[in-house]
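Here's a structure for you.
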Amino acid sequence: MSLLDIRGLTLSTGGQTLVSDVSFSIAPGERLGLIGESGSGKSLTALATIGLLPRGFRVQGSIKLDGHEVVGASESAMIALRGATAATVFQEPLTALNPLMKVGKQVAEPVVRRHRRAGETVDRAAVAREVHSLLERVSLPDIDRIVKSYPYEISGGQRQRVAIAMALACRPKLLIADEPTTALDVTTQVEILDLLSGLVREDDMALLFISHDLPVVARVTENVVVLRRGEVIERGQVHAVFDEPKHEYTRSLVDAATAFDKALGPAR
Amino acid sequence: MSGQVETATMPNRRGSLTLTVGLVLVGLHVAVALLTLMWTPYDPTGMSGGRLEAPSLAHWAGTDRLGRDLFTQIMIGSRIALIVGFGAVAIAATIGVTLGVLSAFATRYLDDILAAAFDILIAFPTLLLAMLVVAATESASLFSATLALGIAISAIVARLTRILAKRILSMDYITAARTAGASWPSIVFRHLLPNIWPMLAVNFALQFGLAVIAEASLSYLGLGAPPPNASWGRLLQEAQGTVYTAPFGAIAPGIALVTLVIGMNLLADGLRDAGDPTRRGRQ
Amino acid sequence: MLVYIARRLAILFFSLLAACVVLFILLRLLPGDPANSLISVGADEAQIAAARRQVGSDLPLAQQFLQFITSLARFDLGTSFISRTPVLPEIMDRLAVTLPLTVLSFLLALVIAVPLGILSAVKADRWYGAAISVVSQLGIAIPVFWVGILLVTLFAVNLRLFPSGGFPPRGWGAPVEALRTLFLPILTIAIVMSASLLRYVRSATQDVLGSDYLRTARALGAGFSEALVRHGIRNGAVPVMSILGIELATALLGAVVVERVFNLPGLGSMLLLAIEQRDYPNIQGVLFISTLLVLLIGFLADLGQRLVDPRLRESRGARS
Amino acid sequence: QDNADPSAVIRIGSLYEPQNLDNTAGAGQGINEAFNGNVYEGLFQLTDDGDVVEKLVSGFEMSEDGLTYTFTLQPDVTFHSGDPLTAADVKHSIERVTAETSQSSRKRSLANIESVEAKDDSTVVVTLKERSISLPYNLTYVWIVNDAAEDLTSGEDGTGPYKLDNWRRGSSITLSPYENYWGEKPKNSGVTFSYFKEATALNNALLTGAVDIITSVQSPDSLMQFQDNPSFVVTDGQSTTKEVLAYNDRVAPFDNVKVRKAVARAIDRKRLLNSIWGDYGTLIGSFVPPTDPWYVDLNDVDAYDPESAKALLAEAGYADGFTFTLDTPNYDPHPIVAQFLQNELAKVGIKVEINIITANEWYTKIYQAQDFQATLQEHVNHRDIVFYGNPNFYWGYNNPQVVELIASAEAGSSEAERDEKLKEANRLIAEDAASGWLYLYPQIVVSTASVSGYPVNGLNSQFFAYDIVKQAQ
Amino acid sequence: MSLISLDNVAFGYSRKQQVLHDVSFNLRSGVNVGLVGESGSGKSTILKLLLGLARPTGGRIQFGDAELNPGDRAFMRDYRRAVQAVFQDPYSSLDPRQKVQSIIAEPLRALRIPGSHQEAVEKAIHDVGLPVDAIDRYPHEFSGGQRQRIAIARAIVARPQLILADEAVSALDLSTRARIVDLLKALSEEMTILLVSHDLAVVAALCEEIVILEKGKVVESGRTADILANPAHPYTQKLLASVPRMPA
């Protein structure tokens, strides 16, 4: 049985259809890349998956998360699914963190919640230790300072890694990562991508990876779905799609990526 | 980082309803005010009825102690309210926006002084200001009440302008304009003012309402427009003494006042929602 | 932070002094003469001259100014021309009415506005959410004195639940009675103030509701109200706090009118009377103290904001 | 009465808070209301009916030539501080009023006192420069204060039945009985004067039982609530407050008696009075109210007659009317009266420009600088026709005959002679239409039905509280 | 010929925090330069100095024969005509309340450049590959990539000698990015570009020379091809190794 199963998802608002008839599924442990140009509906699809679309959206079709129907589900049912089944890293690292709460406290929040849900009591020291190790896993330097910092006091890349750490704190079965590395410089990006790949392998976590950066997607996922203007135009194995793109739009993406690649000279 | 494509402005149904209601209310007052320039049901100072007659077909809102028609006076009150409101806001806008922008551009030293001046002026009772202005202009008049309110409000406007302007001045497009060689006046008039305008306009509407209410309060304390100007505040104040025997004297001007102030606020909200090219339909 | 506080206080103090000087000059521009309050119809030349001598309005302006400045420097607000009592103790007496009046109405306004504002933002699509915001529009449009008169008519005259005004002769020596007389005035200011406050709370809440961090918290499993409480309150408080200073100032000044309606012996009625009588020491004293209070409140609101929002602590200097 | 409660504290609502507690330091009319007869007493007292009776004197003698008065003081009188009343205190008290710095409104009428001597502890001799038939009356305004008292602006030391308990500025004055009072003890256990700025608030206080009595009602409309209500008593007494349209008789056009008479005839005073006071108030046609001994009804002198007003105007050379500025104090009822006048005078071609000024400005602009054409003012004093005998007074009325009559009236040998002269002066002033006398205010006191014994006329703003009783509930 | 040269330029926003240390490099006419370095290394700060928005605290910036002097009005007018900029953030660098026409025409207006502004604007908008009717719309009606192109159009409309482009393409998706790089390449026939980026691939595609910045210091500079082939400094090596590559 698949962990996430989206069938005929159509999203519309104010008379505009922004996502139409999108279907795909993710099996436990599977890594799926969702690519497409800006505004093609990638983030909306992710939001629909966890039932957090902005007000005023109409949802048609079906989304099954770990066997539970999300479309039309009650808020309390969704709360049980969010975090534990699917955790999300949002696109905008600048605003995704509460500007008035120290980083350590924010990361601790999902940690504490997970333990509480599991019926365990945890002391503060244990939580602090766990927060520390989470931040270590996302390769943050100088963790003792960062824990005590407010989001505005750390760099964009660091903020993005904090957001990832928060999602990981939930130990979800499915991690939805919406362009998690765009704010990072290439050196840090490599570390994060390696981390994500590692987690999927070790913890058997499934991954929905959203990006428009083809080389990045190629590095962490095995399958891709290509979106354009809210519609799926192509899907398949990463290598197959990138080697032999069928749709013209996909081809233009691949060509551009290859051209940049070439300019850099041979890989080393 | 990835770009988002913003959706085009969506017609906002609630916005257009606010706009319509606001337009109707304000329009009604403006129309009545204009009408009184040419025609009123009765001579406003003429004693056309008995003392404190209750509303009737002949006198829709009743009569006052001198037997003058209240409805006529309320109509003329529209004129005064609009003059006070628009006048005060115009004065406040001129002084406040100028000082606010100046302060935003100023060196830190001057800026501190101006900011402190705004704070003090805000802390200063409008009432005393009104007294001082009335004194400086020889006698209590519509003009001096308007001027006093204008000055009082200008501090609030200046403070708001300063904050908004600072935010805009830190945007890249201001830097872009500077590096393109644009002069300061051009930055102020082409970039700064158009961008703070919508926020200011909404605040102006709020201040318009406050000015009309403040004029009423000043009249209540005997500092507003002098008779025979039938300001709503004065009507309310006069009606207060007869609130048990002739409550109608207080109700009609009250309704007039409330409708104008609400209308103005709705109008401003609606205009902002409808007219601002950058405003997204908010869910 | 300490440097900031010191700087702000210094600016505040010097600007207040400057304001006093300006005020002194402006007051002398008022037509009329404080001596007039001492004479009555029938007074002869000698009496008028004596009255002028008593209030010092026969002195050259420069000399009056010098006196004023030297006593101000000693934080001596002088003696009333008319009642011949020292200004400061009388102000303190009056503050015993005005301060509780403003502070309590302010608190009541918060108690009304905060939950309703949040509710109307969260439930904007329900009828009661919309109704709250419509009613708040109405609240903004009604003059304070009108609300006061309405409440008196209803609660004092018709229902006889509360006194229609006045303050017990024994003052706070009769605490229950004093509180009872303050109830309607407090309610009056609170109603009007909560209307505008509600709008700020509402829009601050709307901003929080649209924020990404709230979404993040929910995406990681927090319930809606839990997320709103944990992340919304501080964030929503910042913009609301920035207008609290102005609101409190308005309340203090609005007290002038309300004190008149409810016949309270507060700072506002002292000011009104002093203006009427051209009792300059009293006018200057009241304004000095009320301005000081308002500025201090604004300053505290600013500090509070900085305390809540670490980002503001970073920014340099006195920019608000 | 039957079951009067001697432990009751009477709560009195008033609009006139004193500015300080000394009637020689510009305290205003409010201090007379609260303190005259209650806290301070004079050698004589003006009763509520207008009679002058002995108070702190047990008897007096006037010399043949009327220039020397010898007063014998009541024995056993003590001040609230405990000091006994002596002749020295009386001398001090009179000299306080006539002193150069005194702001007493009666300073002028006591100006012809040559000297005050304490013959012994209980005998005072007052020597006059000229005869003054009204000396006992004038002495009713002189408070007898302890010559040892230091602070009389915020404290007191009088001989009255009450002593000052507490003055909460802007709110109330509380008086409590003085245990060692020399005369009859008060019938209640104290009084509180509560002060209001707004007539409506005052009425509400009575309605809601926060006060027992209100000393003056400012508009007839608030009376409706009390009139037909058995729990309240409304009394309509004699007032001395006159609403006056004062012209500047020195300047054109009001230096012309025809113009003044025309204006008087153009105003329908009856209708004005009805607009302001409904069925209350009196038209007197002159400056002299019925409570002054020299009152004459002069309503017919320039009765309402717009046609003859127009004719008079034409005679005076103003056939097309004229425009004048009416300086109007900003408080009730002047603005509304001004609007009425504006409307009435427009009918005979006179245009009125209303200029609102504050009470304070009125003194500077009108009273002192005399820089005005016409103004409105309420004149509250008892027996104040003397103002027309002073050509330098703000309204500038100067009729030598009147000046002479008023000056010699005091020197008359009897009150009857004085009253004759003043009646004659009154008539002359009215014929000259020296000012426009619009109406006499009513003096309306309202109380709850359970209190009684209060003064209803409020002459000279006094409000004797000691006889007020409240029925036990 | 050297257009602009930086000699030992140092800069700090405050005394305590020195952002740039002894930065030196040359911009020659016709040779595009890429300025590369991790976030916070001082790239935008260098542009700020070059735009005359701040003065260096040490060293000098030479424009032709004269030293860059933001206080000298006459000099700055000539300088502004020669140098234009594209800013990092496509959202905040366009005035939301002006039509595109007016935004692009701003340098023409401000620099009082004679001739038909309308024509010049239309040509510029055409050059950056946007439809001509775009000039009647407002910035918010465009996507990030389109906005970035509007910003580029504003920079080129006055035909400057040098364009300072701060991360002009990082906000764009790959295919758009490629289009803009092509556009800039075409433009560099006429103008010289100083491109700030952390994206080595873009720099490689567009710039002949590269300057690599680490913590406010120039660690390596030279011909792009050489450095990419043989990175000498360890930081450069690490940077290169981290670039994600397409699967073979």
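Note that the chains take the letters A, B, C, D and E in the order they are written out, and that residue 1 is the start of every chain.
FYI, a residue touches a chain if its C-beta (ideal position, glycine included) is under 8 Å from a C-beta of that chain, and two chains touch if they have at least 3 such contacts.
These numbers were taken from a predicted model, which means no experiment stands behind them.
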Q | Smallest number of contact steps required from subunit B to reach subunit E | A | 1
Q. Out of A-E and B-D, which chain pair has the most contact pairs?
A. A-E
(Q) As a quick test, compute the distance in whole Å between the mean CA positions of subunit B and subunit C. (A) 21
Q: Can you check how far apart subunit C and subunit E are, centre to centre, with Cα atoms defining each centre and the answer in Å?
A: 53
Q. Taking each chain's centre as its mean C-alpha position, how far apart are subunit A and subunit D in Å?
A. 89
Q) When the centre of a chain is set as the mean of its C-alpha atoms, what distance in Å lies between subunit A and subunit B? A) 50
Q) Of all the residues in subunit E, which ones touch at least 2 other chains? A) 143-145, 172-173
Q. What are the residues of subunit A that contact at least two other chains?
A. 38-39, 55, 212
Q: Could you list the positions in subunit C whose residues touch two or more of the other chains?
A: 31, 149, 260, 272
Q: Quick one: which bits of subunit D touch subunit C in the complex? Just the residue numbers, please.
A: 19-20, 25-26, 28-29, 100-103, 105, 107-108, 153-154, 166, 168-172, 174, 192, 194-198, 200-202, 204-205, 207-210, 358-365, 367-368, 377, 379, 381, 384, 387
Q. Taking the complex as given, what residues does subunit A use to touch subunit C?
A. 50, 52, 55, 75-76, 79, 82-84, 87-88, 90, 92, 95-101, 109-110, 113-114, 117, 150, 152-153, 163, 166-167, 169-170
**Q.** Touching residues (chain side subunit B, partner subunit D) in the complex
**A.** 45-47, 51-52, 65-67, 139-140, 222-223, 226-228, 238, 240-246
Q. Inside the complex, what are the residues of subunit C that reach subunit A?
A. 125, 211-213, 215-224, 230-231, 234-235, 238, 308-311, 314
Q: Mind listing the subunit B positions that touch subunit C in their complex?
A: 108, 111-113, 115-117, 119-120, 122-128, 131-132, 135-136, 156, 163, 166, 206, 209, 213, 216-217, 220-221, 233, 236, 240, 243, 250, 254, 257-258, 261-262, 265-266, 282
